[in-house]
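Alright, structures below, take your time with them.
Each of the next two complexes has chain A plus one other chain: chain B in the first, chain C in the second.
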Partner chain A sequence: MECPMTHTSPFVFATAQYESGDWDSAPSLPGNLIDSVARYTSLPVAPQGVAVPLASDDALRYPLLFLTGHLPVRFTQKEGRVLQRYVARGGLLFIDDHNHDVDGAFHKTATAEIRRLIAPLVPLPNTHALYSAFFTFADGPPTTSHELNGWGDNLVHEQLLAVRAEDRIQVLYSNKDYSSEWNFHPDNKRFMGVDPTRFGVNLVVYALTH
Partner chain B sequence: MSAPSPAATAAFASTADVRARMERVRVRLVQLRTIRTLLYSLAVGVSTMFVLRLVARILGNRDADELASSTTVDMLLQGPLAFTPAVVAAGLVWWWSVSQWDQITPVRAALWYEEHHPASHAVVTLLEHGPEVLSSTIEQRLALAAAVPISPRVPAATALRRAMWLAWRTPLAIMLAAVLALSLVVFAPAGAVVRLVTAASVTTSEALTGARSALGTWNVDVIPPVYSGLPSRVLRDSGTVEALVGSRIRVTGVGRADDLTAAVTVRGDGTRPATTLAIVPTAQGWQAAMLMPSAPAVVRVASGNTSRLLVLVPRADSLPLVQLSRPIGDSVYRDTVGTITLTARLRDDLGLSSAAFELILTSGSGERYSARTLTLAPRRYSGERSGVLTHELSLGALGVAPGDIIHVRAVARDAYPASPREPGVSETRSLRFARAEEYDSVAVDAAPPPAVDSSLLSQRMLLDMTEKLEARRPRIARELMVAESRKLAVEQARIRRAVSAVVYQRLSGEGPSEHVHYEGDGHDHGVSVQAGKLVPSVGGGTVNVMPGAAPPRSNDNATDESPIIAVNRPLLEAYNAMWDAGRALELGDTRAAIPPMRVALDAIQRARAAERVYLRGRVRAVVVDLARVRLAGRDTGSASRRTPGEARPDSARIADARLLRAAGMLLVDPIAGRDSLVMLRLDALTSQPGFSRALELVLSALLDGRDATDALVRARRTLVKPVAASGVSAWSVP
Partner chain C sequence: MRSLTDARDGASLRVHFERAARVLAFVALLAAWWLTGRPSASNAAANNEAVNTTDPARIAELVADPSRTSLHVNLRDVPNATSRAVLHAAREAGLSVAWRANEASPSLAPLAVSVSPLADPRGGMTVRVSAPDGSALSLADSLGWLDSAVVANGGVAWPLDGSTRELTVTNGATVARAKPLAISPVKRVRLFAAPGWEARFTMRALEDAGWSVDALFSIAPRVGVTAGEPSAPDTSRYAVVVALDSTAWPSAAAISTFVRNGGGLVLFPGAASGGALAGVRAGAVGAPSAGIPGSLALAAPREGLLMRPIAALHRDAVVLERSARPGNPVVMAARRVGSGRVLQVGWENSWEWRMLGGDEAVAQHRDWWRELLHRSARVSLVSGTEPWPLPGDAAPYADLVVRLGAPSNVLAGSEAFTMTPAPPSPWLFVVAALALLAEWWSRRLRGAP
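Showing the complex of A and B:
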């Protein structure tokens, strides 16, 4: 199988499939972020995202893995092993809680699984290079309309959580529900004053440059 | 001077006496030649063995620092076949020498005799011509020869012995040199054959034994943590201690404690500074104690220039191993009644403490989920190494409803005292309970078109916001309440228009933004606008799709509605309910708005199910038109420059270089070389366990005074694999 990410091949947005939950709860998000990468950068990017099973070694071929859902996250042994190898080999796993609820099942189980398999998640400073990888977010992660509306846990999360190794982010965890915020058809961006997916561009650029 | 032999000390008695004496000289000369040839043959044979062994070692080692060896050559030259070339070489020398021999006759013996005992050739003449030539002259010369004083001339017997020595000296020297060289090859220390041939150095084993004896023997007491329940043990004069993390390690030695120092260095995850250990004098000698760290460590006990190492190899208390054997896999259940059997098998290296099933029951869909975490069938264990946990899960008692999902796993803990430690967990099984509407869409990909789906989500969120605002109403001012409610009304109108667009698009085939609809616009779209609400026109009449109206019969064939109207009916109903909800929200009456909003949500849900039945489609994947959108964004950013990370060091090559340095150091400073190997082993304990085990054999051989060459070679092969050559070698069968 040809490696999808070499120095000459385009970036491929990959969504992680895991067995225990609704991994495909944000089906429009990949296309939206791909659109943003093309819209704001000159990075070569594949026009369509892929879904890659976390239990497969194919996951190791992608520099950025996106994982979301509402339901409890319990990785199988194979998924856990691949995940450990993935972050050890330089991959960036971005987990977003589609429930945006720190008391929800997704948050509790996902953070426990990351702690068990990799390391505890700790707050990521808002001055981290992630927030200036392409666009500058001086106040840290951009808020989402879901947070501002008070849905989920009624909190506006000021920081993302992360597992880092020598300042490189291995796992990035969000309670902000970017899965809902970015889950729309990219053509609708023309109606928006500020494109909410710009932070997704930072994610991609950071994953490709660190 | 040695005693004169009969041949030289007595006068010849007779002709027969002359012949007898010369015969004895001839026999001795034959013996001399035979032994000399034999010595030469042996020397050549031993030399052949030496050369072949040396060649084998050189071929195997390639150079003194490289510890790889040629197994085939080595085995051939070390096995039974090793003597064959030597025997053949010796045989060839023997055969060649014998073939060159001239016969030693009595006359030649007499000539040799007269060379050392001049008799004016009387003896030779007598033996050559017999008694008939015996004349008075010959008798006179014989008598004269016999009468000549022995001194200062060398007597014949002494000359014979000297001749034998001169004859044996050269081959004997060659043979001794060959034996010495061969013994060096065979018994040389590790990896230093070539060096040892040129400059023999101190043997490693002697130096190491010396280091041990200088510090005396010691005993190591290992006292495991109390929670483990393991017994204490005593290791006699051990250099390595493998024990549970947290075990108390007590080293007790004999001798004076005054000049002893001890320090422990923890390795593994980066070298840390050594920590000095207190040496406590005791009645018998000294004692030092420490706790087994979580990373490999080494204790150095030193006295003057002599030191000895104690390697600490920690063994972690592993998490319990939990296997969920029932249910055997994820499943979807049709009914929410009955029981499900849960069975888990548990194992632990030290002993179990507790176990239970952990269950998460998730209810809801879309954006609304609630979860309950339950612990079932908790059980305590009293240190058993294994166990079985079972439970009958009653779905009725759990209150499972259609659409719910159960995630179940088994967890077990051992007696490890640290509370933050993760428990041992099994794989998680997901048990889902199907909704009724799923039954007729088994063959359909569970996904509606995105336009309807986005409306559905938005309506649910809007309802959620309205309910929250309604809950806040008693606590906020009326003006604020109305202002917030009107914001929601705007959102409700937006969703309503989106639904309207979908309906019109389906009925007329036109895009949502291409048409304007109003009452009495003269268009026939299959619907008409009445008092702000949409009413389908069927056969010139209208169908009641007002909220609360009785739904049509489920059999499509028995209704007058066209299929397209049937598909859109729920959306029309949702549109009209949204109209009502929007009016109530405009007035700030959230309480009145909530019921029609719920009706709208239910209607959209039904529309979604209908889509799944009728359209049988899946979400169309978004394929971005990259050429159209490339760099079309209004915002600009700047990418950070990529800084390629440094290549990770090749741990195998680093370990290989350290191994070679340590092996070379064994020849110069055996203790330093051994210590280097000990440190190398410690560093490899976790990252290169195979190499670490191989080094353990090397250290064992060194401490026992055995040849460590093979062990070193094997250790190196765990790091650097032999390079496969293409084609067949000379040793292969063609």
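Showing the complex of A and C:
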């Protein structure tokens, strides 16, 4: 007797835990992003995100990982090895600087760690497929209200940074503080003129289709 | 005047003469008949001796000798294509040609090689050689030596990268040559899949293997994301369709037509289940079985994947792989549908192998996908290409037997080696004729009837 088909496994939003910093500095972000993916797309998505230790091989079960924080980042040896394997095998690591400060501790240490473990980050062209994966962002990464809020470097960063293999993004790095922008209370979403998480939907769709 | 006694003596002498002439004629005819049924030792010694040579020039010289009626060659090794063709032509022209292995090398080395082009954007071929177990084979191309191997289980297979070129395989002194058939470039795959990790890593593996992937991912109602330039399956554009899940069902009719027209199809459980592609699949989809924990990094990594075995195989399906799980369920099977090939796979979520497997998992996953497409993708031969350097060069020993027959077991140098009897000497007929004429003349002179 033939079995009915199983459905595609739902997408699970995963946040990377690392030992050196405040990895959980944007606790509402996963829920808001999951909500947007479910609202805008027909992609099957798990209603709850997960936090996965970067020092564990379990991180390899989540080919899209989100990493944020304010504090200096120093990956342990085990975290470094997993991260190298993760990227070499095709995972996509999205790092957001919660300080939005190019002179801040997180930015300096995180970019140094990525350079040490993987490769230097370079600007990602604003014409990259990421910006048209679902919504179209003709000018590149959308700006955030937190870029000019008086904290951080008070700069509008025109481009994201990335490590790429051919045209595929392996590591995506943002100074735009999406961690704050997407970390709103869910009840406040109805007051927003433009949903700021739309770029997050692009990121998820890009990861699942490229 | 001659007396009566003299006359009687003369008649008696004539009678004796006539009897002698008749006996002589009879003996001459008998000798001619005997010589006809017996090989001519002197002729064999002079022209038809067993010859130890495989030198093409020497063979051509021997065959060209007009006085030769037969030829037996003791072969040290398999003659080349030119010599085989010369001997075959001589045999067809009436010369009796036989051969045996030289006593110094009592068994010539059988050897056959075939070269199959791969359905791979980066080219490549599979060289399969058949030879007796224990034979030491050497593989070379026009640039030099490539590899060597000792034969076990009747043959050796070499996967080779690169483009079409002539290959030479040597077994002792026997040399076989072959060149793969030229094929049109194969590049594109049409992928039917829902957006997800399996789709992402399938595309990665195929693109890493050199394929261009066309896909349309449905993200939301009336919103899709494309990879490449997807269009309906058509053999003019695609070599193979990969169907991962039920997103292939709406295109089932086009996919079936594509296969029947010669295209390849790789079916995964999500696509093979249900009835949409039941007409082309190798079998039904069985109950799921979870992966064996910890297997992804071990020697049989696919055992760590979710499996949905292929059940109720179609009568013309061929099993290509079985799982090691209890009952050895079928996890890969193939069948021909029209001019195309369908490969059905029972594994699911192969991306977990790539992400969670051992140190070589990325390459293993990519090579596994390459192999799936090698087995299924359509290849188009380019017409007008010459498959072999010379006819028979791919299997010289077999060609020798086909052209000249099986080896002769008669010892070299013996008289029996001359396979065609020598014609009787014409002088025997002349003697017989003269003797009978003399008898007739004598009888007429003496007035006898």
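To be clear about the criterion, the second predicted complex is superposed on the first by the 200 of 210 C-alpha atoms of A that agree within 3 Å, B and C clash if a C-alpha of one lies under 4 Å from a C-alpha of the other, contacts with A are read in each partner's own complex, and residues count from 1 in each chain.
As a working rule, a contact is a pair of C-beta atoms (placed from the backbone, for glycine too) under 8 Å apart; a residue touches a chain by one contact, two chains touch by 3 or more.
Keep in mind that this is a model prediction, so the values were computed, not measured.
Partners chain B and chain C, brought together by superposition on chain A, clash.
The partner that reaches more residues of chain A, of the two candidates chain B and chain C, is B. Contacts of A:H70 after superposition: chain B is touched, whereas chain C is not reached.
When the shared chain is aligned, chain B comes close enough to touch A:P30, but chain C does not. In the superposition on chain A, A:V205 makes contact with both chain B and chain C.
Of the two partner chains placed around the shared chain by superposition, chain B and chain C are both touched by A:A133. Of the two partner chains placed by the overlay, neither chain B nor chain C lies in contact with A:A119. In the superposed model, A:V50 lies in contact with neither chain B nor chain C.
When the two complexes are overlaid on their common chain A, residue A:V102 makes contact with neither chain B nor chain C. When both complexes are overlaid on chain A, the residue A:Y40 reaches chain B and chain C alike. With the shared chain A as the reference for superposition, chain C clashes with chain B in the stretch 186-194, and the other listed options (132-140, 186-194 or 294-302) are free of clashes. In the superposition on chain A, the residues of chain A touched by chain B in one structure and by chain C in the other are 40-42, 90, 133-134, 205, 208-209.
Looking at the complex, you find that chain A touches chain B at residues 19-21, 27-28, 30-32, 34-36, 38-42, 45, 47-48, 70-72, 74, 76-77, 90, 99, 104-105, 108-109, 115-116, 129, 132-136, 149-151, 180, 184-186, 195, 198, 201-202, 205-206, 208-209. Chain C contributes residues 194-201, 203-204, 215, 217-221, 223, 225, 227, 245-246, 269-270, 273-274, 284-288, 308, 311-312, 348-349, 351-352, 354-356, 361-362 to its touches with chain A in the complex.
Considering their complex, residues 330, 360, 362, 367, 369, 371, 373, 405, 407, 409, 422, 425, 427-428, 430, 447, 450, 454, 457, 461, 464-465, 468, 619, 621-626, 629-633, 635-643, 645 of chain B touch chain A. On chain A, the positions that touch chain C within their shared complex are 2-6, 8-9, 11, 40-43, 57, 60-61, 63, 86, 88-91, 133-134, 168, 205, 207-210.
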